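Next up: the structures, one after another.
Next come two complexes built around chain A: one with chain B, the other with chain C.
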Partner chain A sequence: MGKQLGFLVDSERCIGCHSCEMACKNYYQLHPSLRRRKVHPIQENDYSMPERNYMSLACNHCVEPECMRVCPVGAYSKRDDGIVMHDPSRCIGCKMCIMACPYQVPQFDPEVKKVDKCKMCAQLIDKGEKPACVAGCPMEAIQIIDITSFNKYGAVKLLPGFPNPSITKPSVRFIKPTIGKQIRRDK
Partner chain B sequence: MDKKISFNRRTFLKGAAAASAGLAIGSSTSSFNLTGLKPADAAGDNKAQVFRNACPRNCYDTCAILSHVEDGVIKRVSGDPGSTYTRGILCAKGFSYTRRVYSPDRIKYPMRQKGRGSGNWQRISWNEAYTEIAENILKIKKEYGSTLPICLDKYSGNFDIMHYGIEGMMSSLGYTSRATGTPCWPAGIDAQTFDMGTIISNDPEDLVNSKYLILWGVNPAWTSVHSMYFVKEAQEKGCKVVVIDPVLTQTASKADLYLQIKPSTDGALALGMARYILDNELYDGNWLHNNAKGYEEFFGYVKNNITLEWAADKTGLPKAVIEQLAREYATTKPANIWIGYGMQRHTNGGTNVRAIDALAAITGNIGKSGGGAQYAHLQTWGFNYHAMMQNPPEGTEGGGDRAINMNNFAAEVLAAEDPPIKMLWLACRNPMAQDPETSVMRKAFEAMDFVVTVDQFMNATVEMSDIVLPTTTLFEAPGVNVSYWHWWLYLNEQAIKPMHEAKNDITIAMELSAKLNELKPGSCTFPTSGDLEEWVGKEFNDGIYQMFGINHWTDLKKGPAKAKNSQVAWKGGKFQTPSDKYEFYSEEAEKFGHHPLPIYVEELKTTDKYPLRCISPHWKLNIHSQFQNLDWMESINNEPRLEIHPSVAKEYGIKDGDSVKMFNDLGYIILPAKITGTVPIDTVVTYEAWYKSKDFNVNYTVKAIPADMGKKATGMPGIAFHDNFVNIEKV
Partner chain C sequence: MGELPLVLFTVLSQMAAGAFITLYILDVKGKQFSLETGKLSTIVIFITTVVSILLSSFHLGHPLGATKMFTNIGSSWLSREAVLFAVFLILLVGYYTQWKPDKASTRTQLGGVTAIVAFLAITASGMIYVLPARPAWNNFAPVLFFWLTAALSGPLFIGTLFAIKGEKILNLLLPTAIVIGIGLTSFLIYTSLLVSSTGLVQATGINMLNSSLFWGKLLLNWLVPLIIILASVLWKKKLDTKLVTVVFLMVLVGEIIGRALFYGSIEALKIIGS
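The block that comes next holds the complex of A and B.
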């Protein structure tokens, strides 16, 4: 496998503030219903103690993207660096990709009647800049990594609630939230 | 920016202002659709321009913004990397600004409502609006021989310095009634004023130097995201982060240790810690000897009145936990405490802050980098207040403005006599949503002869007004901003023409003044013309230039400036109290009716009838009634919830998502339940916010109970927002 860019999402640093999501919307001035990045709450009972933890997800730029496989018009393509691109000029809005993606990443843009999704700000990456979500995170909780060479102690392939990665091999890695000590009055 | 471009831009802005002033009825400049921002017909070239802006919201972070403008339209915003505090990054609110500027919900032109609260609005021209307002003002003046029946309620919706021109407009009419005080933070301000003479906090960028950090009743992960970065940096460098809060907040979720204290008992914990520090001689005797007054009396009080068993019982925290916390805090240097505004919104909030300050003082942490008791500061606010300082018309009689308690506004408006209050002017403020006792507020509005509100959206206060005037966003008029937390100074440039028929508050004041003087010469002293950018320049003085190391205010067009030599509060050890020392024993406090020492004052408790406390903190997608109404925010969340502990929910037979009625003697709200272990067993939580077209207002149940302190520094005591006792039932 050559290069495969992906997001490293540090859920220990993440404070669920939605700045990443809004930085993306701001950069592209998206339709209100389009959320190319979404900050998902992790269920309280998924960890030993109730906490407010989040998993910020955009397109996972899968190694084996289902969206690309099912698209009848070849609107999807994969760049050499692994970014999954979507070409709206080819898209016919059939929504096959929306049904196929385990992560509910492609969304239907009601204004242009086509699918819309995160392209990792490929045009910025090509200029050596950071994607809008990465640049817009106040906690520096999102990074771009090349998963073929990425090897960080403690990084994991899934967090609670994240769909099974074996289907499409998503190019996302996570740092797990640490659960601090709590002195509670309900114990 | 070179001189020539600067000249061109100014010409453009002047032209824009002229075009705006000349708009006739029906010539709305904007046509908006959801995906594309259609260009307004701006003069000038088509190249993208970048303007420096500043977020003027009532927020710790006061961000430096860059707006990217093409053809007169803001294409996007970004953080200004020139500020090392905001580091080129905004928050979810800041990144949503285009949706505010170009929101289809904006009030586009002046309107008159036939029947307050009726929704029967009709569009009027600015001239009609000014005429009606001026006639009402002149009528009041004639009938009462004074302008005191006119009351201004303006506060924190926009903290740009130019916006103090709204107060200036009132001053230029004569003596008026003024909503006085601040709902947010006065108890803590007084507490630190008694202890240290005023509020001064370390540079928040200094948080990274802390080795031990207690975040006490503060939730920066939601209310100060840029500070949270420095908290995390400190933590990664080995600083232990402790959060003390009744609610397991987002910040608490990132802490090494979270202590779920019983609400309003923070002083008991601080005094318990002080007892341990005293018994184990972990205090800094040298510092106290050199810098403090009354520490013997304080130690005497602690020795005779405080035990760790008592503190454990009060706070609900085990004795061993308090002991460990006290030992770690007292022996790790430097140790820092950030005192939040949430924890002082109680009837004993001020005295609790004094007890926490005392911890920082006895351990010698005050005046140290990475140490201290952080609350806020107003050191960078030394502007001229040129727009604000206006004189009453010649021949004005009377003894000055009349103060109306902002924190019991409705009742005091209704009770005002000789003369009564007949007219309200509201700007930068939404009391129908944000003030306690909404039903009394409604009565106060209903009792008025005339209500004018200046705003951007049709909120609950606008709904109770006779006239609404559309105002500009921060991008549509120039200004200048500083923070009550960080030490940066930002210029706010006008980036686009005013949208629709919106006008800046200063322009409104100028044009209203012209109308008043046309109808009755000499009735208003406010200047009737002036270049707004020049007015920004008039706010600066040598003190500001020196503090920020700039030669001229226009230097700020090149980038933001940070105050020099301001990084550590109280570094010299000279305090601003009467004794010049840190005052454990404060005669000033005594003068204001408090015990001179930071003793424990009993907290309010739940009752049999109202067995739950409702805490209504800030929500992460809004600041009070701003932002949550924008469509981008609605796409993330558009439903307020009542957070209920699982065991409480079980007791009441409530399941997640069930409709719950929360009520007390004042009123009720109905909203869906969220069952969560992040709230304590004796408390429910809902976040104060204004949701567009939802009848959600937590203040329906909040009584205007004063906090203990606030009168000395801010004129009025604060509000004990979090001493709100309720019951719930499944609907």
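The block that comes next holds the complex of A and C.
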């Protein structure tokens, strides 16, 4: 396998401020109903101690993308660096990719009547710059990594609530939140 | 309802494909009907397929770009379905021209190819929904239920057409009863398996049971037509034009309700957050 870029999401650092979502929306001036990146709260009872944690997710640029397999018009393609691209000029808005993505990443843009999704700001990466969400995170909780060579101790392939990664092999890795630091006042 | 174009497209296109296979079998088996009825049936099947495809375009954001759908047959079942239905329509035109007294042999050969394409088109339609992201569909069920739609509504469609045209009434009692039996049994087994499962699969099953569409499908698609057929057998009464038409319309509405249930009850994988 060649290069495969992906996101490293540090849920220990993430404070759920949604800056990554807004940075992306602002950069691309997206339709109000669209969010290419979403901050999902992790359920409080998913860990042994009640915690308020988040996972910030965009397109996972899967190794085996279902969106690309099912698209009837070939609007999806995978670059040599593993980024899954979507070509709006080919898209006819059939919503097949929306149906097939296990992470509900592709979204229908009601204005242009086509699908929209994160392209990892490929044009910025090509210039050696950071994607909007990475640059916009005040906690530096999101990074771009090459998962073929990435081997950080403690990084995992899924967090509670994240669908089974065996379906499409998503190119996302997580740093799990540290549990047990939060102290709650008894009633 | 957001999926109405897909509901109507899948049901009508499968009915048309099933009707063609029925027409072909009747022709090959040497059933007596006029060339005019054969021609008319082919035209009606063609028009039904075209109407279904036009209805499906309402689902698209850009219907005029639909021709691009032929470009990814390597991996996309939706693309394969589009190609197969296009080929089906082209073959239907050719088949229509063969309704002449001296063309029986070529009609049989072309009809055979068209029937295979019709069957493959229904199968491709079913395969579109075999998706890991929709666990309750990620099995043989969509293909089986789409085949059953064609096998139940197709012959009744042709039976009704023949009856209206004044042809000898086709004896559809036994085949219809058998298909209803298979449909009802497999649907109840499928629903039971969903409900007795866990997670999203179980949630889909519960959605189905909680929907009034489930009971509407049971009644209109299977139970009432089956009662009519059993009553006809018991009273040794053959299906007349009126009764065939009533059963056909009932089954058609039942299929539409059932397909709305299919799309409306499915639970998809998603990120689970609080």
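Rule of thumb we're sticking to: the second predicted complex is superposed on the first by the 180 of 187 C-alpha atoms of A that agree within 3 Å, B and C clash if a C-alpha of one lies under 4 Å from a C-alpha of the other, contacts with A are read in each partner's own complex, and residues count from 1 in each chain.
Throughout what follows, a contact is a pair of C-beta atoms (placed from the backbone, for glycine too) under 8 Å apart; a residue touches a chain by one contact, two chains touch by 3 or more.
This one's a predicted model, so the numbers in the text were calculated from it and none came from an experiment.
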item: Partner chain in contact with A:Tyr103 - chain B first, chain C second, else both or neither; value: second
item: Chain B versus chain C as contact partner of A:Gly16, first or second or both or neither; value: first
item: Partner chain in contact with A:Pro41 - chain B first, chain C second, else both or neither; value: second
item: Chain B versus chain C as contact partner of A:Gly128, first or second or both or neither; value: neither
item: First (chain B), second (chain C), both or neither touched by A:Gly2; value: neither
item: Contact residues common to both interfaces of chain A (with chain B and with chain C); value: 44, 112
item: Contact set on chain A toward chain B in their complex; value: 12-13, 15-19, 21-23, 25-27, 29-33, 35, 39, 44, 49-53, 109, 111-112, 135-140, 177, 180-186
item: Sites on chain C touched by chain A in the complex; value: 59-63, 65-66, 68-69, 71-72, 75-79, 82, 128, 131-134, 268-274
item: Chain C partner contacts - residues on chain A that touch it in the complex; value: 38, 40-44, 55, 57, 66, 68-74, 90-96, 99-104, 108, 112-114, 160-164, 167-168
item: Chain B to chain A touching residues, read off their complex; value: 34-37, 75-79, 87-93, 95-99, 221-222, 225-226, 228-229, 232, 248-260, 262, 316-318, 321, 620-621, 631-632, 634-636, 645, 647, 676-678, 680-681
